[in-house]
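Each of the next two complexes has chain A plus one other chain: chain B in the first, chain C in the second.
After this line comes the complex of A and B, so read on.
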């Protein structure tokens, strides 16, 4: 398919980049990205990928838009209060760019549905807000060898890494286990600076576009840590763990189980 | 010159809001134990019975100590130690179902 005159204009700032060009823009148009969570991270990731012209974007979320979300979840609005979040962002993204096929899934991702849901997508984005889901997504992506762009936020701090199963380490290589339930009393006092998921989500969207284009160096084997208060970006190395429970030499995890349990963070 | 220890935001309330504290050269576990004395509760969040907790990573100059000598990794003057916990985002504890 050739670009229409309108598309040439819309994507002109991409197309004039030698690293993208018409060829790269085609790759973007043909890409299929699956975003888990249409919240703080899913909103900016989906927003920028829609603007970039990613052909198919699926978003899964089971929650409805609440007033307290609007401080950071920029693809929702007063007009979509009470609406399912995936439906809400679909309206926003389609209004921005009708080239994009936005698939809204009103469900919660779990060990029964995840493999089927993500199997036909090229890249998976983790915008989830809890540990059980984070480990489930990692394990499913390792099993299906799907590239995963992982982002997490808390208060003023964010973390981003790109997981390319088979090539680099996975999330379990980074953190072997989720924090056990009940260990830490402080999760109630969490909270998040509204713009923080914007920063982390924009970084995730950048990683997705780099993977689609095959340009630059994705954050494979590295964890980027952003401290908003100190305006500090740090990168640490993530070695591949040969004893990893899912991607090591003798994986202990052979099938996805129900990881749901209350977890807390430091 | 001392050892600089970067404290993650979730633990900064135990260091009076400081994002960086000074430590002394030696083994990682000695550093953590000393920090616990200076900032009660901090060491306990990072380690348990002499072992770094599995959802917290300690880096010496960007290298994960699990792939060095773990708790026995030697820290030299001028090294930077980072403590990085797993975070999951969100503003509440949620069940995934």
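After this line comes the complex of A and C, so read on.
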């Protein structure tokens, strides 16, 4: 399929880049990205990937848009208050770019549905807001060998890393076990600077595009830590753990269980 | 002795352990991952792991929001 005149105009600033070109833009158009969470991170990631012309973008979220979300979740609006977040961003992304097939999933990701949901996608983006889900996404991506671009935010700190199962370390290699419940607060409890997910989400979207294009060096084996107050970016090298419970030589985790329950009984 | 903590050189008392360092910095051990010279230290080893002059330490917060 060739680009239409309109698409040539829309993506001209991409196509002119030697690293992208017509071929790269075609790769972007054919890519399928699955975003978990249509909140602080899911909004900017999905927004920029829609603008870039990613062919298929799925978003899963079970929450509805609230007024307190609008301080940072920029793809929602006053008009979509009360609406499911995945439906809300679908409206926004489609309004920006009708080339993109946006699939809104009104559900919560869990150990029963995750493998089926993500299996047909090229790249998975973690924009979730809790630890059990982060471990679940990591383990599912390792099992299916799916590239995972993980982002996280709290207060003034953001983190990004790209996990390429088989090549680099996974989330469990760095954070072996989840923190005890209640010890690390959520954004709801501790606050978050509204622009922070914009910075981290834009970095995640950049990682996704690099993976699609096969250009540059993805953040594999490195955690990028952003301190907004100090305006400091620090890269922490993460070694692969040969004894990792999911990506090690003899993985202990053979199937996905309901991590939220285990988490609560820790 | 001198330790490189999150990329910055800082002075600490000789023979300090990972647990001691976290206490000194008023960091709750369960809220972080600690890497010494590119090796992740298991939580159960924090008390025994003694740090040496010139060690490079990274303390990474658990951040889970989205």
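Throughout what follows, the second predicted complex is superposed on the first by the 252 of 266 C-alpha atoms of A that agree within 3 Å, B and C clash if a C-alpha of one lies under 4 Å from a C-alpha of the other, contacts with A are read in each partner's own complex, and residues count from 1 in each chain.
In this section, a contact is a pair of C-beta atoms (placed from the backbone, for glycine too) under 8 Å apart; a residue touches a chain by one contact, two chains touch by 3 or more.
Note that the structure is predicted; figures quoted are calculated from it, not measured.
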Fit or clash between chain C and chain B when superposed on chain A
clash
Figure out whether A:78 sits in contact with chain B (first) or chain C (second), or with both, or with neither.
neither
Who does A:42 touch here: chain B (first), chain C (second), both, or neither?
second
Based on the superposed arrangement, let me know which partner A:16 touches: chain B (first), chain C (second), both, or neither?
neither
Return first, second, both or neither, reflecting whether A:259 touches chain B, chain C, both chains, or no partner chain.
first
Would you check which partner chain A:95 touches, where first means chain B only, second means chain C only, and both and neither mean what they say?
neither
Where does A:157 make contact in the superposed view: on chain B (first), on chain C (second), on both, or on neither?
both
Between chain B and chain C, pick out the one touching the greater number of residues of chain A.
B
I'd like to know which partner A:131 touches here: chain B for first, chain C for second, both or neither.
both
Touch check for A:236: first (chain B), second (chain C), both, or neither?
both
Chain A residues contacted in one complex by chain B, in the other by chain C:
39-41, 127-131, 134, 151-154, 157, 159, 174-177, 179, 184, 186-187, 192, 197, 223, 225, 234, 236-239, 241
Residues on chain A engaged by chain C in the complex (per definition of touch)
37, 39-42, 126-131, 134, 151-154, 157-159, 173-177, 179-180, 183-184, 186-187, 192, 197, 223, 225, 234, 236-239, 241
What residues of chain A sit close enough to touch chain B in their complex?
39-41, 68, 108-110, 127-134, 136, 151-157, 159, 174-179, 184, 186-187, 190-192, 197, 223, 225, 227, 229-230, 234-239, 241, 259-266
In the complex, chain C residues that touch chain A
6-7, 28, 30-31, 33, 35, 38-40, 42-43, 58, 60-66
Counting only contacts in the complex, chain B reaches chain A at residues 6, 8-11, 13, 19, 45, 53-57, 59, 62-64, 66-67, 82, 84-97
